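Next, two complexes with subunit A in common: one pairs it with subunit B, the other with subunit C.
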Partner chain A sequence: MKEKGKRFADCVRRSSWKVRLSAVVMGGGQFLYGRYFKGLLYFLTEIMILTYFILRGGADIAGFFTLGTVKGDAWLGTKGDNSVIMMLMGIFAWIVIGVWIILYIANLKDVWRSQRLEEAGRPQPKFREELSQLLDRKFYVTVLALPVIGVCVFNILPIVFMILIAFTNYGGTVVPPELVDWVGFSNFSKLVTLSQFAPTFFRILGWNLLWAAASTALNYFAGLGLALLLNKDCVKGKAFWRAFPILAYAIPGFITLVAFKFMFSYGGPINQIITSSGGTAIGFLGLDAKWTARLIGLLVNCWISVPSIMLLATGYLSNRDMSLYEAARIDGASPFQQFRKLTLPFMLFSTMPVLLGQFIGNFNNFGIFYFLRGGLYVDGYFLASDTDLLINWLYNLSIDNNYYCIGAAISLVIFLITSVLSLSVYVKSPSYREEDTYQ
Partner chain B sequence: MRKRIALLMAAVCSLAMLTGCGGEGGNDTQEPQQGTTGSPVFNGELERNVTIQVLENDTAIAQGYFDELIAAFNEAYADYGITAVDANMDQYLDLANDGPYGYGPDVLYQANDVIMKYVEGKHVYPLPVEQLECYEQIPDAAWQAYTAEIDGKSYVCGVPVNVQAGMLYYRKDLLPENWETRWDDNGNNIPDMLETWNDMYEFSLERHAENPSQYGYMKSLDDMYFSSGFLFSYGGYIFGDNNTDPSDIGLAAGDAEKGAWVLSQLAGAMNEECIDDTVTTSQYSKLADGSYFATITTPDVYTTFLDEMVLAYEKEGLTEEEAEEKAKENLVMTTLPKLPESGDLTETNPKLIDTKSMGGINGYAISAYTKYPNACLAFVDFATSYERMVERNQFLGVAPAREDAAKEAGGISELLYQNLESGNIVLMPSISQVGQIWTPGRTFFIDLAMDAFRPENEKKYTDLESLDAALEKVSKEIYDAIFTLQ
Partner chain C sequence: MKKFRFGKILDTGLTYCILIAVAFIFFFPCLWLILASFSASGSIYSFDGFFPSSFSFATFEKLFTDTALYNYPKWFFNTLYIAAGSCVLSTFLTILTAYTMSRFTFRMRKPMMKITMVLGMFPSFMSMTAVYLLMTQFGLINQRWGLILIYAAGAPMGYLTQKGFFDTIPGAIDEAAKIDGATNLQIFTKINLPLSKPIIVYTALTSFTWPWSDFILPKLLLKERDFYTVAVGLMSLGETEFARFAAGSVFIAVPIVLLYFFLVKDMVNGMAAGAVKG
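Moving on to the complex of A and B:
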């Protein structure tokens, strides 16, 4: 960093007036060095950006801070400010400033290169040559330019918007035309301090972690076990047996969930069998069925997820070094020992990133309990049931009860938890530490 | 001197006039004036040669009623060049977000809770309803559903068109053969189980005892829309101050616990399927195959019940025509039986009270973003006229909110109108907080239904006090849901 600073100071000291002109008017130096097209392009870009900021960008930046000052009133014909749109346009203006800074730095580097070429007595590059480089040495710039713009507008902007919503009071009665305000970290403090809120948050968080760990482990080992079973030489008609889990995999998840909900309902086939055998109907997913419903959720998730793990494991298992197993057998290793010492380390090494993906997917598995047991608020939980995960609670708060800002705060917490957990597991995993083994 | 005084007075007068012009006289805002409910944009001067976009109900479009309506309107207003067209938009529009940017319909037809959701943000205009031809014919309760208090003033922001509420569906051919002697104590030729919940309860127990696969009255209790009516019948309410004050949750008000007790007793005459939505999803086929004798739901699903019954009769060997005729004769929709004042369904000769039910009113509203408010008002006036309301009923079978049209339609439409007028239909609250009552309410009703099937030593609701405490708890949950994070 210090070195960079020194280099920059050196450049400033040695820069000619032409370079300094480019620092004031983008493209000015390039123009004076005879690179008219490039200079013109930089100049026009600066004019366009300045025009944008004069016409609306400046107001958008100001609006980003105020989030509006005039409340709309259609009855009075007052158009008013829409805080949400102002925030979005403000973020966009910040992105434009970011792009401007990048282009400004590129402009300075470019004109500095021109000065160095002139000092070395070498000719300035022709515009056509620079263009042709975009199809050759700098082809990555050409192909990445549009996607990067797309990512900025369609990914970064909504993500930043969602993050910023967590720092406002947007939601409840504060929705346009009401004006939204910045509230700092108060939504996060509400999460952990409000008497109704904090216990629910920690209860759901605890169950969410247990669910994510248990369902990931169950799905993984069930999928691996099924793959190993169907890999056995003694199993006849492997393709036939493999078709069944694939069929389950092919049916859309929510249809499977609705079907399971019906199966376990009071009027469903399972209760029909129980009642026709003289028993009493059981509320498998009912109000009192906390652990039964959780267990059913785990098994139904298994039904949906195991086929994909099985297919993945089948592929990886075919790459095993079978001579190791032969050696192990000669040394007297039992099948379980072979699994524990050979198969499992090999599979964990190969599939750790997938396993982490599964963990995050399960942590945020909205559908399972929304479809199986949605629409219940249980004692001891604030606007949630005892099977709801954080993502379900987030939905209850933001969609059913319009608390968008709290929903955004919870989604940030979810993001922090999942990213910290997955990163720490990943950096400690053989997939990361022994990455070079297979490279 | 006189000249100077005269000049001074003239100057003062001129100044006063100028001040007047610059002050109040120069204020051209469109705030609704005191004493009227409508916005001043409705000045009676029809905009000429304009096209207004009307968002109608999907069924009205599919059944051809809407085409008839706009054709008649366009013909009537051809001299002004006003044309109404189908807005061709999704029924679940978002006027709050689309309207300010010039999207969305000029006139919209929606349920009262949806329209009133837009009033808080002033996205629909307050209407000069007193000027409309339908004004006198629509009961106050219906206008109340579209009335909002904003900044201390009352505004009416929609025009009621039709009424929707729970009705009792039953199979006439499943009445006991001896009903005239055994089930008509007052000799009025109406089966007692259709007159009182006590008799319905007794009949349900008897029917199930005779054949364990058959039931009398069946209904999923988890549906708060239908279950809450039992609480309302005994003094319960959702929000205070005519359903406008969300800080006053009244599910436990009055003797509402008696309503919960009635539901609990009814659950005991059903089976566990009343706990979740099993009965709701299977009610059509189960009523058709005779498993259920009666249920409650809204009038708009009459044809679904009828189709199922036709199929059931055809399976019994009847021709399509015979099956249809028999189904129409045997499927009856009527008003709800009366409740015992004590809440005890086993009481003999109880003092009876009316059963209330939650209902809704669909109606027209005018977007505050329309450029042609007077043309829109003319359309609403036309569409809510006597002829159009009668025609709407004939096309769609919906119950008109107009008294004269309801009388003309007769039958269920008239009964629904009478129930609305007498206050036995409690309209769904028109404030946005209503969205936060459903899940806590549903959870309570599920728990109540489950309790009927819990072993004696595990029952939660053994007396009225425990039911009252549970209703207080639900009310608090709803209050917390609304206010905790505000």
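Moving on to the complex of A and C:
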């Protein structure tokens, strides 16, 4: 860092007036060094960005802080400020400022290079050469430009927007044309203290953690077991047996889930069999079916997820070092010992990232209970049912019922939990601590 | 010795018993759905236990001819359009992103990898409301390619598996080509692209099936019946229309299942190679 500062000071001291011109007017220095195209490009970008800020960007930045001052009034015919759009455009203006700073620094570096080239008596680079560099040395710039823009607009911008929403009072009755305000951390304190949200929040959180742990463990061991079973020497026609799980894997998830919902519904085939043999119909997924519904969710999730884990595990199992097993057999190890001491550590080691992904995926498994029991609100829960996970609650609150700010606060809680958990598990995992054990 | 062989037979028998049970568990719901789609009556209440009492092609006919309320052919082509469009765009972007992340060392590489990892931990539709607002600003509600845009824009975030695959292609070939004067563009198109068929298949398949079976995003952005995708449309059917649901499901599941069976080898190779280093 110190080195860098020293170099920077050196640049400032030794820079010619042409370089200093570029610091004031982007591209000016390049122009004077005879690199007309590049200078012009920098100059035009600066003009464009400045025009944007004069026309609307400045107001957008201001709007970002105030979130609107004029309330719309239909009676008086005043067109008020739309706080939400103001915030969105405000974030956009911040992104433009960020891009500007990056370009500005690139501009200074570029012109500084020009000065040094001149001092060394070497020719300035031609614009055509620089362009062709974009397909060679700077290929990555060309390639990554599009994905980075896409991710910025459709991922980063919305996520930043929702993070900020968590600190406002947007939602409920406070939606445009009402004005939205910054409220600090009050949404989070509401979540854990207010009698409206707190009991639901903690109940759902508890179930969510239990669900994530149970379903991940179940899916993982069932998938691994199936892969080991199919890997046995005595099994003939492996492709045939493998076809059934792949069939399940290939069917779109929502079809499977709705089909299972029909299967367990009151008029569904299982209840028909029960009634025709003299019993009374059971509401497997009904209002008061807390634990049966949870159990069915766990099993259905298993049906959906096991095949993919099986496929993955099959791939890994073929990478095993079989001489270890040979040695173990000669030493008299039983198949179970071989599994415990050789297979399991190896699999845990190599699939740790997958396992983590599975855990986070299950923690945020929206589909299962949305399709199996969607739209059910149970007593004792605020706009949720006893099988809902945090992500379902988030959906109910923010998309079905307009509680945007509380929804955003819950998203941040989910983010915090998943990131802390996965980070701590990852740091403790063997694949992180002893990276070369199996290489 | 005899005891040993007896144990082996027992072991084999047990293995096959479990396999048959597993096959049954996975196959039975599919069979149920397929048979239900051929039921003559249409409602789940007239079934005799699990299976319909009489069979006909009537439901499939109805699916494509009775389009006044539920325009299945239209939904089908909407889905095909969105899935195909986002498949092409996503694959292109993801493969290129993964390739550059694997082969180039530049200053922003590590920060970008960290940022994508952090972004991936946010719950997926936390930002739905914001995306919806953004799409209204761009005027892309009820536009099929608005959805394609969102799917394709998000796709490069899942580049890790593909990067893992490119990491396994030795860099020595690149070096040799570079000495012969090839540009990085040429190295990619002439050397690495032909080697990466499995991972391209894997990427294309996953980025095709995701929009093909996604429900939340189309439901949020496609409000008019005529723009529905199959997933949204099928979910709007009532419980009395079970046979129609089954027929519609079977019809969109069949192409995907066939694709998977044909490409499963490439997929497993791509997945395993990518994940080892991922």
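As a convention for this text, the second predicted complex is superposed on the first by the 422 of 439 C-alpha atoms of A that agree within 3 Å, B and C clash if a C-alpha of one lies under 4 Å from a C-alpha of the other, contacts with A are read in each partner's own complex, and residues count from 1 in each chain.
Following the convention adopted for this analysis, a contact is a pair of C-beta atoms (placed from the backbone, for glycine too) under 8 Å apart; a residue touches a chain by one contact, two chains touch by 3 or more.
Note that the structure is predicted; figures quoted are calculated from it, not measured.
When both complexes are overlaid on chain A, the residue A:M322 reaches neither subunit B nor subunit C. Of the two partner chains placed by superposition, A:A120 touches none, neither subunit B nor subunit C. In the superposition on chain A, A:G283 makes contact with subunit B only, not with subunit C.
Contact with neither subunit B nor subunit C is seen for A:I330 once the two complexes are overlaid on the shared chain.
When the shared chain is aligned, subunit C comes close enough to touch A:T314, but subunit B does not.
When subunit B and subunit C are set side by side, the one touching more residues of subunit A is C. In the superposed model, A:Y377 lies in contact with subunit B only, and not with subunit C. In the superposed pair of complexes, A:V24 makes contact with neither subunit B nor subunit C.
Look at A:S265: by the touch rule set out above, it reaches both subunit B and subunit C.
Taken together, the two complexes place residues 265, 267-268 of subunit A in contact with subunit B and also with subunit C. Listing the residues of subunit C that touch subunit A in their complex gives 8, 11-12, 15-16, 18-19, 22-23, 25-27, 29-30, 32-33, 44-45, 47-51, 93, 96-97, 99-100, 104, 106, 112, 116, 118-119, 121-131, 133-134, 137, 149-150, 152-154, 156-157, 183-185, 188, 209, 212-213, 215-216, 220, 231, 234-235, 239, 242, 245-246, 249, 252-253, 256-257, 259-261, 264, 267-269, 271-272, 275-276, 278.
Looking at the complex, you find that subunit B touches subunit A at residues 29-32, 39, 96-97, 99-100, 120-123, 125-126, 271-273, 275-279, 281-282, 368-369, 432, 435-436, 438-440, 442-443, 446-447, 450, 453, 477, 480-481, 484-486. Those residues of subunit A lying in contact with subunit C across their complex are 84-85, 88, 132, 135-137, 139-140, 143-144, 146-148, 150-151, 153-159, 161-162, 165, 226, 229-230, 232, 234-235, 241, 243-256, 258-260, 262-263, 265, 267-269, 272-273, 276, 303, 307, 311-312, 314-316, 318-319, 350-351, 353-354, 360, 364, 366-367, 390-391, 394-395, 398-399, 404, 407-408, 411, 414-415, 418-419, 422. For subunit A in complex with subunit B, the residues that touch the partner chain are 72-77, 79, 82, 171-173, 175-178, 190, 194, 196-197, 265-268, 271, 280-281, 283, 286-288, 375-378, 382-383, 396-397, 400-403, 406.
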